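Common to both upcoming complexes is subunit A, partnered first by subunit B, then by subunit C.
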Partner chain A sequence: MAASAYVWLFLAAAYFLIPLYATLAFSLKKNEAGTPCCTLANYSWVIHNGDFWHTIKISFLLAIETIVISLLLFVPTIYWVHLKLPKLRPVIAFMALIPFIVPPIVMVVGLLRVFRGTPHWFYAEPWGFLATAYVILAFPYMFFSLDAGFRSIDVHTLTEASQSLGASWPTTLFRVILPNIRSAALAASFLTLAIVLGEFTIANLAAFHTFPIFLQYVNESQGFPAGALTLLSFMITWAAMLSLLLVGRKRAARGALITGPR
Partner chain B sequence: MLGAFQDKSDNATLSNIRLLFNHPYIDAYKTSIEISLVTALLGGVIGLFIAYAALRDGTPKFFRAGLLTFSGVAANFGGIPLAFAWIATLGPLGVVTVWLRSAGWDPSAHGFQLFSKTGVELVYMYFQLPLMILVIAPAIEGLKREWREAAANLGAKPWQFWRYVGIPVLMPSLLGAMILLFGNSFAAYATAYSLTSGTVNIVPVLISAYYTGNVLDNPHIAQSLAFGMFIVLAAMMLAYIPLQRRSARWSK
Partner chain C sequence: MTYLQLENLHRDFGTVKALNGININLGEGEFLSLLGPSGCGKTTALRLVAGFDRPDAGRIVVDGKDVTGVPPNKRDMGMVFQAYSLFPNMTARQNVEFGLKIRGKDKSDRSKSVTDLLELVGLGHAVDRYPHQLSGGMQQRVALARALAIQPSVLLLDEPLSALDAKVRVQLREEIRRIQLELGITTLYVTHDQEEALAISDHVAVMYGGVIEQMGTPAEMYTAPATPFVAEFIGTMNRLESTVVGDGEVEHAGLRLQVAEARGRRTGERVLVLIRPESLELEAATNGGAPNSFNGEVLTQTFLGPVTRVKVTGGGTSLIADMSTARAAALPVGARVTAKIPAEGAKLLSLPDDGPALAELVHDED
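What follows is the complex of A and B.
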C-alpha cells in the first residue's frame, strides 16, 4: 500500500477525531484554566437541569408521533402502490425527492404561510404544526427505505396466499406484510428519530422549544456544560445510526443513510 | 411561494424580487454560493482522495469498512452540536487554539477566525467529506483493476491512466456528487447560525432574521429570499442534466 494513502487516511482521521476529542475535553472542564483537571460537574448540571428533561421529552414525543403518523400513512400507501398501481411508483418517488431538494429553511417559510390562520391548537402547538412539518421532512427517508423493503418481498404472492386463506385486508397488512418489511420500517424509524431529535431550522423559525433549541441556548450561555450536552447529542446520533446499520438490509440502508440537521 | 410576489397588503408586485438584486440581499447570495462552491469542490476532490486511499488495492480491508461506517455516522453530524465541537476545537478558547498559542503561534493573529467565512467552510467540510465518500465509494469500486493493468501493459503511465480512463469513467458520479454537495451546503442553516451567532451573511441566516429577530415588518421579503434559494437550486439541477448527459456517454 502506497505511503500517500496512509497520509490521506491519517489526515482524515485527525480532521474528524480532533473536534470530538476537544468536545470531550471541554465537557470535563470546570473553568477556563481547567483546574481541577477533570470533573463530572457538567454532566451532573445536565442531569439536574429541568429544561433539559423538558425539551428532550418534547423532542422524543415528537419523534414518536412523527414515526407513528408516517408509518400509518406510508406503509398502506406504498403497499397499495406496489400491489395495484405500480405505474404511480415513479410519481411518488419524484414527490419524495421534493422535501429532499427544497431546503428546510425554504420549506418552513412556505409552511408558516400556508398554515397561517389555522386554529391555535394546531399552529401554536408542537404536536400540530411541527409534527406536520417533520412528517414531510421524513417522507423521503420513509419512502426510499420502505420502497426498498417492499421491492425485496413478493407482495403479490404474499397477499394472494393470505387472502385465499380467508384473511381480511387489515389482517393481511398487519400480520403478513408488516412482519416482512419490519427491518425496512425499523430503519426508516431510526432515521426519522435522528432527524427529529436534531432538527433546528424549522423549530427555531416557528419558535418551538425542542432539544436542539435548548442546546443552542446553552451553547450561547454556558460553554462547559454545552460540551457535555453536545457529546450527548452526538451519542444519540451514533446510537440511531448504528441501530440503523444493524437492522437495515445493506442496500436499503446505504441509500437512506444521508440525512441530518444542517 | 406566491408570497414572494405580494406586498404588505397582499397586492401582486415584483418589487420583492427586484429587491433581491440589491444590497444586502445579493451579497448574501454571493456568500452562500461561494461557500457552497468551495466546499463542494474541495469536499469533492479531497473526499475522492480519501475514499480512493481507503478503497484502492493494497489497503487493508478493515480500513474500507471502518471508513464507510464512520462516514455513515459523520454525514449525519451537523447543526448545533457540530458547531459547538468546532468552537471547542478552534474557538478563542478551543483546545487546538490554546495548544497552538502555547506553541507560540496564535491563529487569530494570522487572520484565522472560526466565526468567519473560512471558518464556516472548514466546519462544513465535516459533513461534506463523509457525504462525498459515501456517494463516490460505489463508483470507485467500479473502477476495475484490469483496466489499470491493461493500461500499464499498453505502456501508459499512471497519470495517463487517470487522464484517459479513470477520470472520464468517474466523471458522471463525480459531477452528481458535487451537485449534491452544493445543495447540501447551500441549504445548511443551523451549523452556520450556531457557529457565528447569525453574523455570517448567508441567505438562510438572513431569512431566519426576518422571523426570529425584531425586524419582521415584511414577511414577503423572507418569502422572496426563499424563492431565490429555490431558483438557485433549480438552476443547479438544470445545469447538471446536460453535463451528466455529456459525461455519461462513457458509462454505457
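What follows is the complex of A and C.
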C-alpha cells in the first residue's frame, strides 16, 4: 500500500474516531464543574433508568417486527419479479427510491392522514402504525440488497431444477432459493435494524416513545448522561449487528465463495 | 411401441413460431437427439416436455397418459440443464438426495440410492463436496445423478455438455450413453453439436424454423439427408447447384457430371448435387477431360490429424476433399489437381424452380 493510502486511512479513521473519543471523554465527567476525571456515574444513571430499558425494548421489538414483515413481503415478491416479471424490476426499483425522495416529515403527515380512522390497536400502537411506516422506510434497503442477492444466483435454472425434482413452490422458495440469498437477506436485515433503532422524525411526530425519542429527551435535559447514553446505544447497535452476523456467518461465507468462480 | 409421443406441438412467442407442429414418437428406452442451430425450437420442445412451458396446441403423451396439462413437479421427468443447476447450498449427496426427500423416501433407502448413483457417474469420492468445489464436468455428473435419482419416466438433457471443455465433452457424452443404455431410460437430448448427436443417439431429429426437417438413425441422417438444410447441417458437404441437362447428367457452372440419381429427372430441373468430402478422389492434374472430373488448384490444406482437408478451386467452383494426410503431402497449396466425382456416391435433392437462393436457405442463422 502506498504511503498516501495510509494518510487517507488515518484521516478517515480520525473522522470517525475523534467524535467517539470526545463523547467518551464527556461521558466520564462528573456533573459538577471543575471536578477531575473520571467517573462511571453517568453510565450507572443510564443503566438504572427504567425508561432506557423500556424504550430500547420497544425499538428492538419494532426492528425485529419490521425485519420479519419486510422479509415475508419482499423475498417472495422480488423472487417472483425475477422469475416471471423481469420487466417490472425497473418499476419496483423506482418505487423503492420513493422513501429516499419523500422527506420523513412529509411521509408521516401523509401516513397519519391515510391511517386515520383505523382501529386503536393499529393507530395508537407502535406495533401497528410505526411498524408499517418502518416497512416503507426499509423498502429501498430491502429491495436493493435482495435484488443483488437474486441476481447473483441463476433463479430460473435453480427453480426449474427444483420443480423437475418434484418440489412445490413453497419448498423451492424455502429450501432452494432462500438458503442461497441468505447473505443478501442478512445485509437487508442489518440495514433495517440500524434504521429502526435510529429513526426519530416519524416516531416523534406520531408521538411514540421509542429509544431515539428517549435519547433526544436526555440530550436536551442532562448533558453528561447523554454522552454515556449515546455511546451505550452505539455499542448496543453494534452488538446487535454482530450477533446477526454470527448467526448467518457460516452460510454467508459459503455464499460468497459460490458467487466467486461463476 | 410408442412411449413418448409429441403430437402436433405448436408454440408461438409473439410473432415468432418457435414450434410449428412437431410430431415425435419414441419407443421405451430409446435415445433421441433434437439437433439444430440456436433458435430452431429444440429447447422449446424440451421445455414443453418438461412442463416448464405449455404448448399453444398439441399433446404430450407419456406411457399412454396425456401429461400436457400436468405441472412440472408432478411429471416425473429428470432434467439436466446446461450449467449452474446444482443447488449451491447443498453437497453433491444432498443435491442427489433432494428429489428423494421430497418423495418421502426413508433415510436408509435414500442413502443407498444416492451412494449407488454417485458411484454410477464416477463421483463416489466427492459425495461431500459443494458444487463450487467441483469442476464443470463433475457438476454435470452430479446433475445427471440427481435427475436419475427420482427414477424419471423420461430423462431430458438440455445441452448438458455445451459449457465443458472438448475433451471432457467427448468423455462425458459416452458415459451418458453408457448409463442410458444400462438403465434403459427413454431419453430426449437437445444439442447443436451434430457430431455429439450422431455419436450417442438411436435417432436424430434435425430441427429448423420450428419444424422437424428430418428424423432418422444417425447413419440415415448422414448418408441420406432429405433436405438441403440437413445436408448442410450434418457433417461437411460439397453442394453444387445444378440443372439437369440430360438423362443422368447435370451441369454446374459449365461442369458436366454423370450422377446416377439424376436418371429419370426432367431436363431443366434445378437440383442440388451433394458430395461428401471423403468420396472425392484427388490426384495430380491429368491432361484431357476424363468424365466426372474437375480440374483446379489447391487453395488451402487443413490438417485434421489422420486426414487432411483440401480445398480445390477452379472456374468459380470450390470443392472440399478429405484425404489421408500422407497422400495430401504430395498435393501442396498451388498444385494443379484433378478431382474425380463418383457418379454413384453423389446425392441429389430437388430445388424449387423460383425459390430462394440456397445460400439464404442455409445460412440465415449465422
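In this text, the second predicted complex is superposed on the first by the 214 of 262 C-alpha atoms of A that agree within 3 Å, B and C clash if a C-alpha of one lies under 4 Å from a C-alpha of the other, contacts with A are read in each partner's own complex, and residues count from 1 in each chain.
Here is the rule we use: contacts are C-beta pairs under 8 Å (C-beta built on N, C-alpha and C of every residue); 3 or more make two chains touch, one makes a residue touch a chain.
Just so it is clear, the structure is predicted and the values come from calculations on it, not from any experiment.
Enquirer: Who wins on subunit A residues touched, subunit B or subunit C?
Expert: Touched residues of subunit A are more numerous for B.
Enquirer: Regarding the shared-chain residue A:Asn49, is it in contact with subunit B (first), subunit C (second), both, or neither?
Expert: In the superposed model, A:Asn49 contacts neither subunit B nor subunit C.
Enquirer: In the overlay, answer first, second, both or neither for which of subunit B and subunit C A:Ser243 touches.
Expert: neither
Enquirer: Just checking: does A:Gln163 make contact with subunit B only, subunit C only, both, or neither of them? Give me first, second, both or neither.
Expert: second
Enquirer: Output check: A:Leu205 vs subunit B and subunit C. Expected answer is one of first, second, both, neither. What do you get?
Expert: It touches subunit B, and subunit C stays clear.
Enquirer: Take the contacts of subunit A with subunit B and those with subunit C, and give the residues found in both.
Expert: Residues 254, 257-258, 260-262, which sit in both footprints.
Enquirer: So in the complex, the part of subunit C that touches subunit A is made up of which residues?
Expert: 50-52, 71-79, 81-89, 98-99, 102-103, 130-132, 143, 146-147, 150, 156
Enquirer: Mind listing the subunit B positions that touch subunit A in their complex?
Expert: These residues of subunit B touch subunit A: 1, 3, 49-50, 52-54, 56, 58-60, 63, 67, 69-70, 72-89, 93-96, 125-127, 129, 131, 134-135, 183-191, 193-194, 197, 203-204, 207-208, 211-212, 219, 222-223, 226-227, 229-230, 233, 237.
Enquirer: Which part of subunit A faces subunit C closely enough to touch in the complex?
Expert: Residues of subunit A touching subunit C: 153-154, 157-158, 160-168, 171, 175-176, 179-180, 182, 251, 254-255, 257-258, 260-262.
Enquirer: Which residues of subunit A touch subunit B once you look at their complex with the stated criterion?
Expert: So the residues of subunit A touching subunit B come out as 1-2, 4-6, 8-9, 12, 15-16, 18-23, 25-26, 32, 101-106, 109-110, 112-113, 194, 198, 200-201, 204-205, 207, 212, 215-216, 219-220, 223, 226-227, 230, 233-234, 237-238, 241-242, 245, 254, 257-262.
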